[in-house]
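Per-chain numbering from 1; labels A, B, C, D, E, F, G and H assigned in written order.
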Amino acid sequence: METNLCVAGFGGQGIMTLGKFLADTVCHRTEKNVTFFPSYGAEQRGGTANCYVVISDGKIGAPLGEVMDELIIMNEPSLKKFLKTLKSGGTLFLNNSLINCEVEREDITLIEIPATQMALEIGNIKVLNIVMLGVYIGYTGILSEEAVWKTIEENLSRKASLLPLNKKAYEAGLAYGRERRGK
Amino acid sequence: MAKVEIVTERCKSCGYCIKFCPKEVLAIGKKVNSKGYEFVEAIKPENCNGCAICARMCPDGAIDVYK
Amino acid sequence: MTRIFMKGCEAIAEAAVRAGCRFFAGYPITPQNEIPEYFARRMPEVGGVFIQGESEIASVNMVYGAASSGTRAMTSSSSCGISLKSEGISYAASARIPMVYCNVQRGGPGVGAIQPAQQDYFQATKAGGNGGFRMMVFAPSTVQEAIDLTYGAFDYADRDRNPVLILADGVIGTMMEPVSLPEMKPESEIEAIKQSKLKWACVGHELDYPNRSWIEPGHWNTADMQKANEEALKVYEAWEVNDVKVEEYMIDDAEVVLSAYGISGRIAAAAVDKLRAAGIKAGLIRPITVSPFPYSSYDKIDYKKCKGILSIEMSIPAQFAEDVKSAVKERCLVSTCLCSGGNIMSEQAVIDGVKKIMEGRV
Amino acid sequence: MNLIYTRTKTIQEDKVSGFCPGCMHSTVIKLIGEVIEELNVVDKTCCITGIGCCGLHMDYIAYDTITAPHGRACAVATGIKRTNPESLVFTYQGDGDLAAIGLAETLSAANRGENFTVIFVNNGIYGMTGGQMAPTTLIGMKASTAPAGRNAKEHGYPMHMCELMNVLTAPYYLVRTSCNTPANVTRTKNAIKQAFKNQLEGKGFSMVEIVTSCPTNWGMDALSALDFIQDKMLAEFPLGVIRDKSKEAD
Amino acid sequence: MTRIFMKGCEAIAEAAVRAGCRFFAGYPITPQNEIPEYFARRMPEVGGVFIQGESEIASVNMVYGAASSGTRAMTSSSSCGISLKSEGISYAASARIPMVYCNVQRGGPGVGAIQPAQQDYFQATKAGGNGGFRMMVFAPSTVQEAIDLTYGAFDYADRDRNPVLILADGVIGTMMEPVSLPEMKPESEIEAIKQSKLKWACVGHELDYPNRSWIEPGHWNTADMQKANEEALKVYEAWEVNDVKVEEYMIDDAEVVLSAYGISGRIAAAAVDKLRAAGIKAGLIRPITVSPFPYSSYDKIDYKKCKGILSIEMSIPAQFAEDVKSAVKERCLVSTCLCSGGNIMSEQAVIDGVKKIMEGRV
Amino acid sequence: MNLIYTRTKTIQEDKVSGFCPGCMHSTVIKLIGEVIEELNVVDKTCCITGIGCCGLHMDYIAYDTITAPHGRACAVATGIKRTNPESLVFTYQGDGDLAAIGLAETLSAANRGENFTVIFVNNGIYGMTGGQMAPTTLIGMKASTAPAGRNAKEHGYPMHMCELMNVLTAPYYLVRTSCNTPANVTRTKNAIKQAFKNQLEGKGFSMVEIVTSCPTNWGMDALSALDFIQDKMLAEFPLGVIRDKSKEAD
Amino acid sequence: METNLCVAGFGGQGIMTLGKFLADTVCHRTEKNVTFFPSYGAEQRGGTANCYVVISDGKIGAPLGEVMDELIIMNEPSLKKFLKTLKSGGTLFLNNSLINCEVEREDITLIEIPATQMALEIGNIKVLNIVMLGVYIGYTGILSEEAVWKTIEENLSRKASLLPLNKKAYEAGLAYGRERRGK
Amino acid sequence: MAKVEIVTERCKSCGYCIKFCPKEVLAIGKKVNSKGYEFVEAIKPENCNGCAICARMCPDGAIDVYK
């Protein structure tokens, strides 16, 4: 089994961190293989940022698939750019707070999340990515919820004051994701 | 009689115009442009004196000034 | 062994530290910035020296200096920065100074594109600088392999008193994978390595004309110069016999053989599995040393069965394919699967390339 | 009502620059464009762009431009200007480009008194590659390759390019400005105009050093970076005219 | 035509001037100092510009600048100095800027020896810099040929918008011979050439976004970068068809074929005459363009008669021989006759090499 | 009678230097050797030789030496000294090497305050390659690449390396001497000794610039070259201590 | 017919000029082919300097033969270095003013010239090379005496004051060479 | 009582020693060494005061001084 995931949005939305937390968890808390591949442009800010995570029971070839099993999309330009890469039957996690346009594919599962709004409600737009991570885990169950939280915790160990906020965000996301899976 | 117009797609929300406007005309808005920046709005357009300090400070040429 | 999750660039740097590298000088350039940045943090912890040179040229020459004094030393850059180092590398080859450097290739030519590519193959394998010297060139296809090859590179460099090149690419440099790290060489061993070089190293010697250190990247006398070239040649020739590294994957019964190095090699390996699953008997020859090139692996192909070779690389024009052709010697068709300029090789393109061969469409 | 201020026409209408929010590269590019427009020299302008964030303007401006290899803009400019003496030639370079890898090319061109203009954007850091130490990084300032901050013993002191050039005989006009306040923006624009005019009059080498910010790699927002410029950068790099031969009695 | 007596370096410089070269930047290095020195005297006479750059890097970039503005421009150096130019050359290839440069090769690697050699063959033909670009590379074997090839090089550079390399060596550069010079191009023609480049040259354009000059040695967008690589490839491929230059000398009935380029090619030609006089049916294939390489000339050899090929070059390890082998494709034995490090190929050694082949002693 | 003066042991007994008659490279090499002998540091000396006639001493001296690529001696020295802080490391460079192609490496090392010594032999010309113009060639002086003589408008003015470095904060000791008279020879030797001592005491960067002659490429005999040094070279390059931090109150 | 000549001596003895005058004359005043090839070391002064001249009716291969038909030797180190390259039956022109050692070959023609002495007598050691050139031409007749003089004249045109001295030197050499040929 | 000894093979005939000798002890001789240089001789050895100025000025270490 191999899962190809692409996470995309604006620079500054924590895209890379989201992908890295996921991949890191696979590395340290499972026996699976995993790759994380950031994609970058010349500009330090602005434009889209995206990264690829491949999780597999076997050896991994290219660290970026051409056909994605899942997409986590945080803004409109990324939706336009990446939607076509999602396989038929794939899942699209969409931050619909920032996206006005219609998703014009019927052959996929669409999970819409008002993530920016949720983050703002939690108290800080910066936890947007943790909300999305929570939703992703809650919905897919690809990794144990606790394992991912451990990763978040360890990585934020030097900014412990931020932990409660992130916990809140993660749990809100998990809840949202679990609930959508229930449907 | 003066007026500023924000070219919202150019604004990157740096805040320079806000900081240097002598009349507190401007503020960061709530909407984001296609690059993801919360662009500036004229919150007190009536105060504008057309000094164009905002526009001159704007790195990205996002402000047009009329007088 | 514990798995840790590391970025290629950082893994290369850590492997170097563990191999006893105690001097690194480099200059920023994407996609290898994490190498100097890692050394900047790490060297003070192990009593080593990190310097950000004022340029690639300064950096390679700092390494030439440090290595000339017997210290295990390294530099790195990407593509256009490697061009700038070519004079310094040539000096090291001429003066027979052991050093390691890494090219995390990006699109080219010129400043090119900051995204991954494999466009410096000929420069790496045929002409790392002026004068016709050769180097061992290692091409990792996973982060783990990058670690292992870097760790070993210092031994080869010291053995041969020659520069060694780690030919990586932007994918290997920037991706993260679970890896396990080799042991850190103890300080005593690192010191002993340095001591073993004192007979030629430039660190000061007792007054003794014939035995002083004279690091010579050239010779006044043309006979001496030719002799130096001939001695170097002997070293190069020994590689062909002793040091070729290659991954041969399911070539015995192959009706089509893929050949690729570095990240393309890894992508090709995955394609082989998919092709086999789809009933196509594909195999792979993946040079790990692209210099010395594993020519003889291509003799193991059963050319009666094999319909063709697909040479895969992220370079237009093709470069690696020329060596593949030399190795195949027209025993069967060699076709290419290429991309370049920062575009990453697509597994699908590889599979399509194979299918074309199988269907006789090339 | 009349439009009394808008973007210079030398910025492509449908393009937004790739610079970060508040990056003064954007300001400087705008000012250069305004000067070019005011002097009416668009049709003879050649910009030689260094490698660095400065390159992010290439697809944004509307006049001729050429990318020089990192650090070599002054050499490239020499080739263009010597064969096209009627063109308005300027280099546009960052501190890493101009003062580290390009130090020899920069100083040698200044020493020859080449009749072109150098626009030097000093943000005290390697912007494009993500915050490595530059020759102008302040003591104590952190950089990705100086994680404990620049340390005089290990890294030496920030380099002062205007002052270095002031030791040379040939340069005609050397000035240091900033863009952190409206007054400084105006001074910068005037300095650029002065430098371009010098060139058009054949006076020789001019350099305008502009002390700017790199909010992204300084790790602060654009407004805090304004304060950092004022408090820290300008303390190390005092503004003013370092040399102006037109003002010298000779 | 009047015979005049000229040194190779000066002849190259004069040929460039006559071809309309109006900008030269260079830096001293033996054995090519007479090129910049000649331009220093000559350029003021024709209204051209000579600059001694502060380095090879500065020089090549001055030329990159001048050529980007449409001026016919040139630089030159020798071996280690050429390594330093490799980044700049790669930029020119990427941005498709026409320029000419000359390498008067000396012994290597490193600073090597100031005496003549042919040790930069791979660098010249396979990897003039990073990124896998190609160039036309001309290898003169007489001073007259150096003149003619240099004169023509500017036309090729302009046609292809690509750098062109004159691959000379220390013998060609420093020897004197009677030569006749091509006509000086009239100023009007030189001006017309410059005008014809205005559509892309960087000299200032009216305000007109899409049509301004933007000299791009790289592309933000990887698709654009790959497209640039593919377009360049088309240019390179056309050379193989149209632009191969080679001297084939008495190969029809040859029982042994010598192959060599540049000064070694000339020495080999003399050896062929002596061998024929001694009753040995020798022939010669002398590539004049070493890139594109004249592969098909080797197909004209009658391999039923031919006992072997002797590949001759002033380089250890052999480099040129690899291309000869690729061309011969194992249809007969290829052996080598080599020297290096500043030693000049000996006619006797060539003759001995041939005899060994004839006597089956290799 | 006792032998009161003879060659330093740091010169190989059976070797004659390859320098031209009267070339002061030979003098400087002798003085360096005398200092090394007097300081008793032969066994920890590393000379980093630039490319130029300076290289002609490599087969003549008796201590460790390494040839740096042209212009890069200060970078090579940085690598050696940083990994061997106990060694006495000095570069030995000509004006073409140090001030043209190597300008960036030289100034950057000085700016970092590297703890080694630069011996800079300024003969105003490229000696080894046969008389091309150097950054320090005097105005009006002919060179093979400036056949009508150096011309300020075209080539700029001679560069003053000590003065340039004096703008930097880190350098510890900057001095300009000559070898054209017995007194100056003594001063040169003292300066070298001072510079080496600074290094052994960890004081940081020192440079001794020695104004010398190149009779061969100046086109005069060695004795006339002495006059040329006195009358012309020293007028442009005044001798003296440009900086000595040991003498600064701090 | 091909003649391979090597001229060797100290730097400063005008070795290159001698060779160049010879080759230049062939170029401009005959139909033959000719090459001139200077050999140089890293040092600007001192040590030996030498050059090669090949004169031929046909095409010329290497501009330096391995076996010399003639040698013009101006000092002792050069004699040691080059004597072995002279073919059996070849001619050695030797400036014996500076050379003490014996020429230990019987199979060659030895023309000894007290050239330094002759030059000093003429009034300037600098014309040593012109004396030797004269001897060479006077003896071999390989080029017309006038043709070579024309070359000298043209090359010295900017230092016309030196012509009489050179004329004297050339003629003294010619006379010496002619006389030796007579023997 | 002082004496100079010329290591003739090292002398390159530059003349520095001659120029700076306060006692006019030295002069260029007529003989050449193996490099072709007319080396220096002590023409008035008796005048030598052993000041060693000649030797210190000699670039090539061609003079030994005894006292």
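What to note about this one:
The definition used in the following text is that a contact is a pair of C-beta atoms (placed from the backbone, for glycine too) under 8 Å apart; a residue touches a chain by one contact, two chains touch by 3 or more.
Because the structure is a prediction, the values reported are computed rather than measured.
The minimum number of touch steps separating chain F from chain H is 1.
Considering the contact criterion stated above, the chains in touch with chain G and with chain H alike are F.
Measuring from the averaged C-alpha position of chain C to that of chain G gives a distance of 55 Å. Distance between chain centres (mean CA atoms), chain A to chain F: 62 Å.
Chain A and chain H have CA centres that are 86 Å apart. Multi-chain contact residues of chain G (touching two or more other chains): 41-42, 46-47. Residues of chain D found to touch two or more other chains are 19-21, 67, 69, 100-101, 103-104, 108, 128, 130, 135. Shown for chain B are the residues in touch with two or more other chains, namely 12, 35, 37. Looking at the complex, you find that chain D touches chain C at residues 51, 67, 69-71, 96, 100-101, 103, 126, 128-130, 132-133, 135, 144-148. For chain H in complex with chain G, the touching residues are 12, 32, 34-37. Listing the residues of chain A that touch chain D in their complex gives 42-47.
Of all residues in chain C, only 27-30, 33, 36-37, 40-41, 44, 50, 52, 54-56, 80, 110-111 touch chain D in the complex they form. Every residue of chain E that touches chain D in the complex is listed here, in rising order: 22-23, 25, 49, 51, 53-55, 57-59, 61-69, 71, 73, 87-88, 91, 95, 202-209, 212-218, 220.
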